[in-house]
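The following pair of complexes shares a single chain, chain A, combined with chain B in the former and chain C in the latter.
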Partner chain A sequence: MAASRTTLALLLFAPLAFFAAFFLAPMAVVALTSLTTDDGGLTFAHYARILFDQYHWDVLWVTFRIALATTALCLLIGFPLAWYLVRIVRWRSWRRACVILIVVPLFTSNIVRSFGWMVLLGRTGLVNQGLMGMGMTERPIRFLGTETGILIGMVYILMPFVVLSVGNALAKIDTALEDASADLGVGPARTFWFVTLPLCLPGAVSGAIMVFALAVSAYVTPALLSGGQITVFSMLIFQQYSSVFDFHYGGALSVTLLVLTLVLVTLAGRIGERGRRAA
Partner chain B sequence: MARLPGLVTASALALAAAIAPASAQDALHVAWYGGNWGDAFKACVADPFTKATGVAVVPEVGTSTVTLAKLQQQKDAPTIDVAWMDGGVSELAEAAGVLAPITEKGVPNLKDALPQAVYTNANGTYAVGTGYYSLGLTYNTKEIPEAPTSWNDLWKPEYADAVTIPSPANSSGVPFLFFLHKIWNAPAGDFAPVFAKIKELKPALFFDSSGAASNAFQSSEAIIGAHFNVGAFDLIAKGLPIGFTVPKEGVWATDARLHLVKNAPRAEMAQKFIDTALTPAASQCLAEKLFLGPSVKGVSVSPETAAKLPWGAKGSVENLYLLDWTEVNAKRAELVDTWNREIARK
Partner chain C sequence: MQPLLSIDAVSKRFAAHRALAEVDLVVEPGEFIALLGPSGCGKTTLLRCIAGFLTPDEGRIRIEDEDITRAPPYRRPLNTVFQSYALFPHMSVADNVAYGPRRAGVGRREAQARAAEALALVGLEEMGTRLPRALSGGQQQRVALARAIVNRPKLLLLDEPLSALDLKLRRRMQIELKHIQEKLGIAFIFVTHDQEEAMAMADRIVVMNAGRIEQTGTPEAIYRAPATRFVAEFVGEPNLIALEPAGPGHARLAIGGAELPAASGMRFAMARPEDIVLVNGDVPDDLATFPGVVEEVLAIGPLTTLFVRCGETVLKVARLGMSGVELRPGSPVTLGLRPAALHLIAE
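Right, the complex of A and B next:
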C-alpha cells in the first residue's frame, strides 16, 4: 500500500510540476500584474477601468454573442453529422474515412484555415462568384468584416469537437433501451426525444463547453475575418500586449474574460449535470 | 582514449580550447525576426561574421516586442548579446534600461552610418539602424493602371470597400495615424480630425499583420491601400499585378535597428557583430534581399533594387517621414483606445 502510494506520488509529480511551471505560474504572473501598478503597488484601478466602462461590456456582449451562436450552430450541424456517422454509416472503412476527414483539419494551423476563408469569402472569392453565377445576388455580398463572416470561420474550425463528443456519446448508448421504448409502444420521434437525446446530452454538453470556451478566447479567426472592423475581447487583450505594452491593463482584461467564461461554463456544466441525472 | 593518463587528457582539452575558441558555449546569441528577415540577417551579417571570426551565431527568433520582453526578463543575467528591434520598440528598450552604449571604439564602422540612423541620448548611442523600410501606397495595377499620386485617393468613391490600412494591432498602425496627422496639417496634439476622416473611409479591412495585407492584395480583396515595401515587392516578385508608389505627401518609414545588450556575456564579439552589420557589403546585401534602404553611407545597389527601396526609385532617406518615437509611445494607449471606440466597431 505504502509502496503504491509512493509510486503514485512519483507518477503524479511530473505532470503536476509541468502544470505548475507552464500553466499556474504564468497565470499567477498575469493575475498579479493585473493587480499592480508600475511601481508595484496594489490596485484595482485596471479592473475598475474595465468594469465601469460601457465600451468593455459592449465588446463582451459581441464576444459572447458570437461564441453562443457558434456553439448553437456547431450543435445544430454537428449532431446530425455525428448521428450519420454512428447510426447510419454501415460500412466501417467509410466511417473511418469520415472521421479522418473531420479530424485532419485540426492538424492544420488556424491561421492557414482562416486565411483560406478570407480568400473564399472575399469580394471576388469563390462564395460570391458562386452566388453571382447562380444569379442569387447582383453585387458581391460582404462577408469579411461582418459577424456572419466570423461565424462561418468559427463554426468550420470548431465543429469537429461537437461531432467527436456527440458521436462518442451516441456510440455508447445501448440500443436495447430504444428497442424497449419501441416495445412499449412509443413512436420513433418520442423515443428519440425521451430516450436517445437525454442519453447523449452529457456528450453534447461537453462538446458545447469546449466549443464555447474556444470560441470566446479565439483570436486568429476573428482577427482575420473581422478585417479589424469588429472587435472581440481577445483582440483588446492582444493589442495591450503587442502594441500598447500595458501589461497591467492587458492582464486585467485577460482575467476578466477568464472569470466570466468560467462562470458561464460552470452554469452550462450544471445544466449538463441535471440532464444526466434526469436520464 | 579512456585509459590515457589524466594529465594528457587535461592538456589536450586545454589545447583544444585554446585553438578553437568558438565552442558552442561561446557562440554569439543574436535576437532577430522570423521568416525572410531572419534568413536575410543570417546571409548578410551572421555568415560573414562567422567566416571572419570563427564565432558561431545562435539566432533567438522573435518579433521586436517579444525580444524586448526576453531582454527585460533576463535583465540580471542576459544570454542574448545583440538584438534587432524596430524603431519604437528600440526606444522602449532604452527606457527599460536593457541596452549598453555603442561606441566608435568598439564599433569603428559606426562613423559610416547615416547620421539619421545613429540613435543617441544622454547615455550615448543606444541603437544603430541597419536599414529602412516604409509603408507606401500599394495598388492593383490591373484595376488601377495609373499610379495613384496621393494618400487622399484612398477616399475616392470608386475604391469603396476595397481599401486597406493598418489597424493599431500592427506595429505601423499608430505611426500611420501620426503620419496622416502630419500630411493633413491637423492641429498639434489633436487627432479628432484624423479619426473623423478615417471614419469616412470605406475599407475592405484594417490589417493587423503584414501577412493579412499581402493576402488581401493577392486576392484582390483590397485594390489600394498601405503596405510595407518589403511585402509589396515580395508580391510583385511573385508576378502579381501590384504596384508600390511613394505619393507626393511622402511615406512613413522606420528601421530595423541593432542593439548591444547591457552586460552581454560576449560583449567584445557582440560589438564586432554590429561592426559587420555596418559594412557596405552587409548593407547592400540587405537592400538586395529585403529591399531595406541602406543606412550606411555610400552604398550602391543595382538599378533594379533601387526602384524597390523604401523611398522609391529617385528618393533618399530625406523623403522618409521618420517619427519621434518618444512622442508616439506617449500617445499610443490613448490612440489605440480611441480607434477601438470610434473605428473598430459597427
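Right, the complex of A and C next:
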C-alpha cells in the first residue's frame, strides 16, 4: 500500500515529535545547563563538585537507602494485599471497595497526605497514643524527623503502585497452572515458588521500579516528615533551583540522580528477567 | 483382578445445583473410558473429583486399595491433561515435561532424559528448547500429554483435550492418543461431549446426564442397545417408533402396524437410520413394509440421509454413498424394517 507511506511516516512522526518536545527537550536543557558556566563556556566543574564532596555522597546514600527500604516494604506489604484482593476476596463489591480505597488516595495531593501523617505520627498523634494505650511503649516514640517517619509516609503513598501491578499480574495467571502443578505431585508452597511467583515477577518488578523511581525523586513527603533533620537528594536540587538560583549546579545534581537511578533500575530489570528465565 | 479405580455413590452439590448424584463407576487397569454427555451433565465434575480438585459431598473414591476421597491432588497417583493444556508459560517445553520428576527429587539429567523420552513418544523430540507459546495448538496438546505421562501413572484423566483442535487434526490425534494409550497400558478416562470421539476411542463409554450415569457399556452396546431414550438420542440419530399394546407380551408399531414381542412397559422401538431400507420389488418375509413420502435429501458424500414422512413421524433413512440423491421431495417410497431387530426402550 504505497498511499499509506505518508500516513505511516506521519503516524511515526507525531508521537516522536511529542516525545521530543515534552520529554527530550527539557532533559536536554537541564543536561546542557549542567555542563556550562554562566557565560556559556563548557565545564565539568559542577560534576566535580558533586563527586568530590563527601556530603553529596552521604545524602545520596540516605536517599537511596530510604528509596530501597520503601520499595522493599511496599513489595512485602503490597504482595499479600494484592493476593488477598485477587485470590481471596470472593465478593465482588467488597473487592471493588478495596480497590477504590487503594486508588482514591492517589487522587489527593501528596502534601495533604503527608500532612496527615505529620499529625498522626506527632508526639501526641494517634499512633503514639495508640501505642501507649496498648502499653507497647511508655514514652512517645519520635517518628517525625527520623527515617522511620519518612519511610512510613512513603510506603503509604507508593503502596498502590505495587498492589495494582502485582494484582494485575496475579489476575492474569490461569489457576489451571496451579492445578497442573498440584496434579504433577507438587504441594502448595512449592507450587507458589515455582509457578505463581515467577509468573508475577514481571508485575512485581515493574511495580518496584515505579515505586523506587518515585521514592528516589520524592520531595514533598521527605521534606514534610523530615522536620528539617534529614536531607534527601531532591531537597538539594530544590534548594539550588528555588533558593540559590544556580541552575547549572542544580542541573548537575538532577543529572547525577537520574543517571544513578537509571543504573539501579536497569540492574533491577536484569535481575527480574534472569529470575524469570531461571525459574 | 482388582479394579484400578472404584467410585462408590459419589455425590456433589454446588449450592442448589446437584452436579453428581450417587455415581458408581469401576475402571479396570489399562482401560480406555470415555465420559460422554452434554455440557453440564457432571462429567467434568466427576473428573475433578477423581483428580482431587473437588471433594465429593458423599461417597468414596479408591485407587486400588487406597481411599483417596479426601486426598489432595498432589498426593494422588494419577495425572491430568487439562482442557486448556495449562502449560507453564515461563518454562521451556522440556522443563514443562521434566517439572513433575524434577520436583519429585529426580536429578536434573535423569529428569531431562525422561522428558526427552516422553516428548519422543508424542513426536516432539525437536521442540524441547522452545517456549510453549511458540508451538501450535496441536503441539501444545502433545506437550500437555507428554507432561502428564512422564511419570507413567496408572491412570490418566483427559478433560476434553481435543476440543480446541480443528476437525482434521482432531481425527489424527484421536488415533494417535489411542495408540499411545495401548502402547503404555495406562488407563484413560477421557471426558468428551463428542459421541463420535467417544465411539472411536473408548473401550467403554459412560453416558452421563444431569449428574447421573445413564448407561455404561461398550461403544457397540451404547449404539445398538441404548438403555434410555436420552442415550439413544445423544449417541447417533435414532428413529423412535412408538409402541402400542397388542395383547400380553406383544406390541404393535405405530408405523406400519407390525407386531413384535415386547415386555410390558416398553414405549419405543428404536431403529437406527441404517436399519431402515428402501424397498423395490421383492420383499423378504421378515421385512415389515410401509409407505412414505420423501421430505428432504441430505447427501454428505459417504452417506445420504433421506427424511421420509410416514403419517405423523419423519423417519431418517441412511444410505451408503450417493445412492438416493435422485429422489426429490414429494416422491412416494416404500420403507422396510425388521421388527425382530429393533431395540426396545421403556423411557
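Heads up, the rule we're going with is that the second predicted complex is superposed on the first by the 262 of 279 C-alpha atoms of A that agree within 3 Å, B and C clash if a C-alpha of one lies under 4 Å from a C-alpha of the other, contacts with A are read in each partner's own complex, and residues count from 1 in each chain.
Simple rule for what comes next: a contact is a pair of C-beta atoms (placed from the backbone, for glycine too) under 8 Å apart; a residue touches a chain by one contact, two chains touch by 3 or more.
Note that the coordinates shown come from a computational prediction; the quantities given were computed from them, not determined experimentally.
Engineer: Following superposition onto chain A, is the placement of chain B relative to chain C best described as a clash or a fit?
Structural biologist: fit
Engineer: Per the contact definition in the header, classify A:Met118: touching chain B only (first), chain C only (second), both, or neither.
Structural biologist: Touch partner of A:Met118: chain B, not chain C.
Engineer: Looking at the overlay, what does A:Leu177 touch: chain B (first), chain C (second), both, or neither?
Structural biologist: The second partner, chain C, only.
Engineer: Just checking: does A:Val211 make contact with chain B only, chain C only, both, or neither of them? Give me first, second, both or neither.
Structural biologist: In the superposition, A:Val211 contacts neither chain B nor chain C.
Engineer: Looking at A:Val232 after the superposition, I want to know if it touches chain B, chain C, both of them or none. Which is it: first, second, both, neither?
Structural biologist: neither
Engineer: May I ask you to decide whether A:Val186 touches chain B, chain C, both, or neither, giving the answer as first, second, both or neither?
Structural biologist: In the superposition, A:Val186 contacts chain C only.
Engineer: Does chain C touch more residues of chain A than chain B does, or is it the other way round?
Structural biologist: Touching more residues of chain A than the other partner does is B.
Engineer: Touching A:Leu199 in the superposition: chain B (first), chain C (second), both, neither?
Structural biologist: Touch partner of A:Leu199: chain C, not chain B.
Engineer: With both complexes overlaid on chain A, does A:Ala223 touch chain B (first), chain C (second), both or neither?
Structural biologist: first
Engineer: Just to confirm the value: shortest Cα separation between chain B and chain C in the superposed three-chain model, in whole Å.
Structural biologist: Closest C-alpha pair between chain B and chain C: 46 Å.
Engineer: Would you mind writing out the residues of chain B in touch with chain A in their complex?
Structural biologist: Touching chain A from chain B are residues 65, 92, 161-162, 167-171, 173-174, 203-208, 211-212, 215-216, 219-221, 332-333, 336, 340-341, 343-346.
Engineer: Which positions of chain C touch chain A when the two form their complex?
Structural biologist: Its residues touching chain A are 51-53, 72-75, 79-80, 82, 84, 86-91, 99-100, 103-104, 147-148, 151.
Engineer: Of all residues in chain A, which touch chain B in the complex?
Structural biologist: My answer: residues 55, 58-59, 62, 115, 118-119, 122-125, 142, 144-146, 223-224, 227-231, 235-236, 238-239, 241-246.
Engineer: Going by the contact rule at the top, pick out the chain A residues touching chain C in the complex.
Structural biologist: That would be residues 174, 176-177, 179-187, 190, 194-195, 198-199, 276-277, 279 of chain A.
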